[in-house]
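Below you will find the structure I want to go over with you.
Just so it is clear, A, B and C label the chains in written order, and each chain counts residues from 1 on its own.
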Amino acid sequence: MGDSDNLDCERLTGVTLSRRQFLKRAAFVAALPSALALAEACGSSSPSSTASPSAITNPVGQAILLNYPGWIGPDELKDYHAKFPEATVKMNTNVPTTLSGYVQMVKNNPGAYDFSLGDNSQVDQAKAAGIYQAPDWAAIPNIKNVSESFRKAYPDAPPNDYGKIIIAYRKDLVSPAPTSWADFWKLAPKYSGKVTVLDIDRDTLGSALKYLGYSGNSTDEAELNKALEALIQLKPSLQAISSIDVAKGLAKGSIVMAATFDFDVALGAASNKNVTWAMPEEGAVAYLEGFYPIKGSKHLDVVYSFLDFHLDPKNYASFINATGSAWVMPAAEPYIDKAILDAPSLQPDPAIVAKVEFEKYLGAATALWTKTWERFLAA
Amino acid sequence: MKTFREHPIVSLMAVLTLAFMWLPLFVVIANSLNSDKLLAHWGGFTLKWFKQAAADEAVRSGLVSSLEVAALTTLVSVGLALTGVLWWRRASKRGRRVYDGLVYARIILPEVVFGMALFLIFTRLHVQLGVLTMVVGHSVWGSAFATVILQARIRLLDEAVEQAAADLYATPRAVFVKVTMPQLGPGLLAASVLVFALSFDDVVTSFFLAGSSVNPLPLFVFGLIRFHVTPEVNAIGALVTLSMITLTLIAVWLLMRLFRGPGSIAARLGF
Amino acid sequence: MGTVPGSLNAAGAIHAEDGHTAGREGRRHSPRVLLVLPTVVWLALFFVAPLVLMAAYSFGTSDLVIYTTRLGFTLRNYGEMGDALYLGAILRSLELSAVATAACMAIALPLAFFTVRQRPSVQRLLLLATIVPFWTSFLIRNYAWVNILQNEGMLQGLLHRLGLVHGSLNIMYSPTAIGIGIVYSYLPLMVLPVYVALERLDPAIIEAASDLGAHGFSLMSRIVIPLATPGLIAGAILVGIPATGEFVIPAILGGGKTLMLGNVIADQFLNVGNLALGAAMAMTLMTFLAVVLVLVALAQRTRTKTQDADRGATG
């Protein structure tokens, strides 16, 4: 995408984009199928779009959301209740450590949840288990604030955020600087006791598959077993299989290398400038997630009105500011912290994005993944 | 102190053990006052984590739920234990053995096993998980702990009862209220405080039985520790620590006031 | 309780009292049963029934795509437990639990002994000091251990300064850390029964033994430990058995590296959704522990019989 495209944008919309803003939009498009590539690149969701009045004016009741702790703006639930006094949204953060566990929990606890966090793989799994509820889009008018490309890539519910699993490391403590999963595996014994991987099956097993050159969505038992062996080989060097305190550890130097989320890098770098990251050459697994409604919920009106509330640029920005995650809403950018806007690990440069593989639903192979993951944990 | 002279090594070990037990508490309190969010080093004294914890709706509702569950659990557990033990001391040998077996089974059973079993039956019967299911779950082992404490108390008691009955020819009623009640009182209080604390702090049974709409404080904290640690965790811990210490001291004070001497409330109530 | 005339054993006391209230004896029995009725009902509903259902589930099958469980008659779940994955977790739990229990015993004994040797007011203080940490959040205290034990943490800093250790400790996220967590969390449950057992310790005996030349270690082993044994056993049960099924402590201190049986069972509920398998594992754990308990009870009874025989022999 050269300068000529930039000029096209100016001609089409009269809006001048900086090269970086343009790249940001264009880069993500490169990784996702999108029929409206150019419109997206030129920012079809203009920064000046405002929150529209919700189609549901009087939601009543309490809706329960299954979600990561802290994965919401700090005041969102409170403000929502203030806006709609008869409705509350409560978050249950007693979440599983495998992605497939989310759907399992909802299915095995009927009536307990009204909507849930879910990426593409989880939404498809929810459909297979019969618990997915297609949203009433008319009740969520603010969905228009979300970039079209994200909507296309995640069509079943309002998209919320995305991220990738990359190598975070201390550039002053690790040499040579890792640039691939192969480097990660090779360097781990040298820094034994100071290396971590995530405790989420799809993310870590997926990264191991990438290391071996396989697809991060492989359903082949032989490939999975090889990935398991690679992880078991790595295990003695690991300090922990954990997603907690990774940023803290990196900042302190008690962790010098980690396979972790891109937003962890920014958090660590804020405390210690030597925390940096690398996109592995073999590629990285990534997720694109949102909140999807649960079938059979008796409070869908609350669910939809909350989702609409959440997609108001100001509220959405508060969520991004709290989590440091990559965002799906250009309209929220004026309200997002500069540190996050500029965070190097979150920038979707084309070179980076080309190497990303989004996690997909694996059908019956899900149980196989879970078993393989358990074997790794128990090894 | 005499003991230090007589048994220096044992005394030293005892003191070290106490230090070992209290160390994490001080660490928690220190961490809760540290302004460095990542606790990588001392960032300066601050109360902001406490403010954050106090303002956090999840913390507040979690605290309320936990208190509710603990209070109800204590009532149920101690009630079951007291009635059970009063039966037990007069029961036949076989009855006692069965009763004791059930008590031990409930203490022995790892909470995991038992939480899972209750989860299965509640969901199969379509019972809504929440405060009441937690109370049920906690009471099953809570009543066992309370029973053990009361039984220990009652065992000491029987000897006194024997003495009184043999030496004073007192009526059973007088024996019950003048000897049993005051003796049992501390046991009841101790059992209550123990069950309350265990229930308030319980993670495992609550993990299975809390359901989605109730998030007792320990579960909430467990979630934070597992996924998204914030210094808030330490502030909550510090607050819980200080509250519990206060509660314990109050209980001890009550213990000493209610059940001592002729001016005791039991006596004043005309028992 | 003995056979000294003039004092009555528990059964005798009952009869004496019944004797006093002859005539009201008949009415006495039904109210007595009423006392235990609440407990019976409660336990039947919420203890026995759930376990029976869980036993039934253990013979069923869980579908892992649509997440439903069919009750049935298969031994597949029990067979699956033979998988190295699960056996390893079981062995690890047993090992850790045993080691932690032994450590608790060794640590609790000096503290309990020290406590009984003090004046009652000081004893109360010491007991409070032992119990109070128990009162505070179990989770937070274990999380504090993360801070203390981790590399670059407090313990390492202290040992470095004392020159005892160089380089990284690497205790955190290991079975050792989990062991420390278990010992720490369950210690009061060992101290209290041992204290209760030692409460019966007559100071005069200690004086006499000291006078006779027994000090320190021989005093401990000849007099204190045998006296404390019932407490140690009670404590071992209170510590060892729940510790085998622990999953919170390994989750916090194990860093996901050491998977104990409790984690595996909880995992079925939380992640995998194979409730039938989880039920089978829980049933197995429970049966095993029940067997242990029965063996301990039998050993206790043999020991008591031996003691009674000895006492009878000496008259």
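As a working rule, a contact is a pair of C-beta atoms (placed from the backbone, for glycine too) under 8 Å apart; a residue touches a chain by one contact, two chains touch by 3 or more.
All of these numbers come straight from a predicted model, not from anything done at the bench.
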Touch-based graph of the chains, sorted into line, ring, star, complete or other: complete
Comparison of A-C and B-C by number of C-beta pairs in contact, larger one: B-C
Whole-Å gap separating subunit A and subunit B, where each centre is the average of the chain's CA atoms: 41
Inter-chain centre distance, subunit A versus subunit C - centres from mean C-alpha coordinates, in Å: 43
Centre-to-centre distance between subunit C and subunit B (centres being mean Cα positions), rounded to whole Å: 15
Per-residue overlap in subunit B, given as positions that touch at least 2 other chains: 39, 207, 222, 225-226
Where subunit C touches two or more other chains, by residue: 275
Shared interface positions of subunit A, touching two or more other chains: 97, 108, 245, 252
Touching residues (chain side subunit A, partner subunit C) in the complex: 96-98, 100-101, 103-105, 107-108, 128-130, 193-194, 199, 235, 238-242, 245, 252-254, 363-364, 366-367, 370-371, 374-375, 377-378
Contact footprint of subunit A on subunit C as seen in their complex: 64-68, 85-86, 88-89, 146, 150-153, 168, 170, 172-173, 255-257, 259, 263-264, 267, 270-273, 275
Sites on subunit B touched by subunit C in the complex: 1-3, 6-7, 9-11, 13-14, 17-18, 20-25, 27-28, 31, 39, 76, 79-80, 83-84, 86-91, 99, 102, 104-114, 116-121, 124, 136-137, 139-140, 143, 152, 158-159, 161-163, 165-166, 171-172, 175, 197, 201, 203-204, 207-208, 218, 221-222, 225-226, 233-234, 236-237, 240-241, 244-245, 247-248, 252
Touching residues on subunit B, where the partner in the complex is subunit A: 37-41, 57-58, 123, 126, 128-129, 207, 210-213, 215, 219-220, 222-230
Partner subunit B, residues of subunit C touching it in the complex: 1, 6-10, 12-14, 16-17, 20-21, 32-33, 35-36, 38-39, 42-43, 46-47, 49-51, 53-54, 57, 107-108, 110-111, 113-115, 117-118, 124, 126, 128-145, 147-148, 154, 184, 187-188, 196, 210, 216, 219-220, 237-238, 241-242, 244-248, 251-252, 262, 265-266, 268-269, 275, 278-279, 282-283, 285-286, 289-290, 293
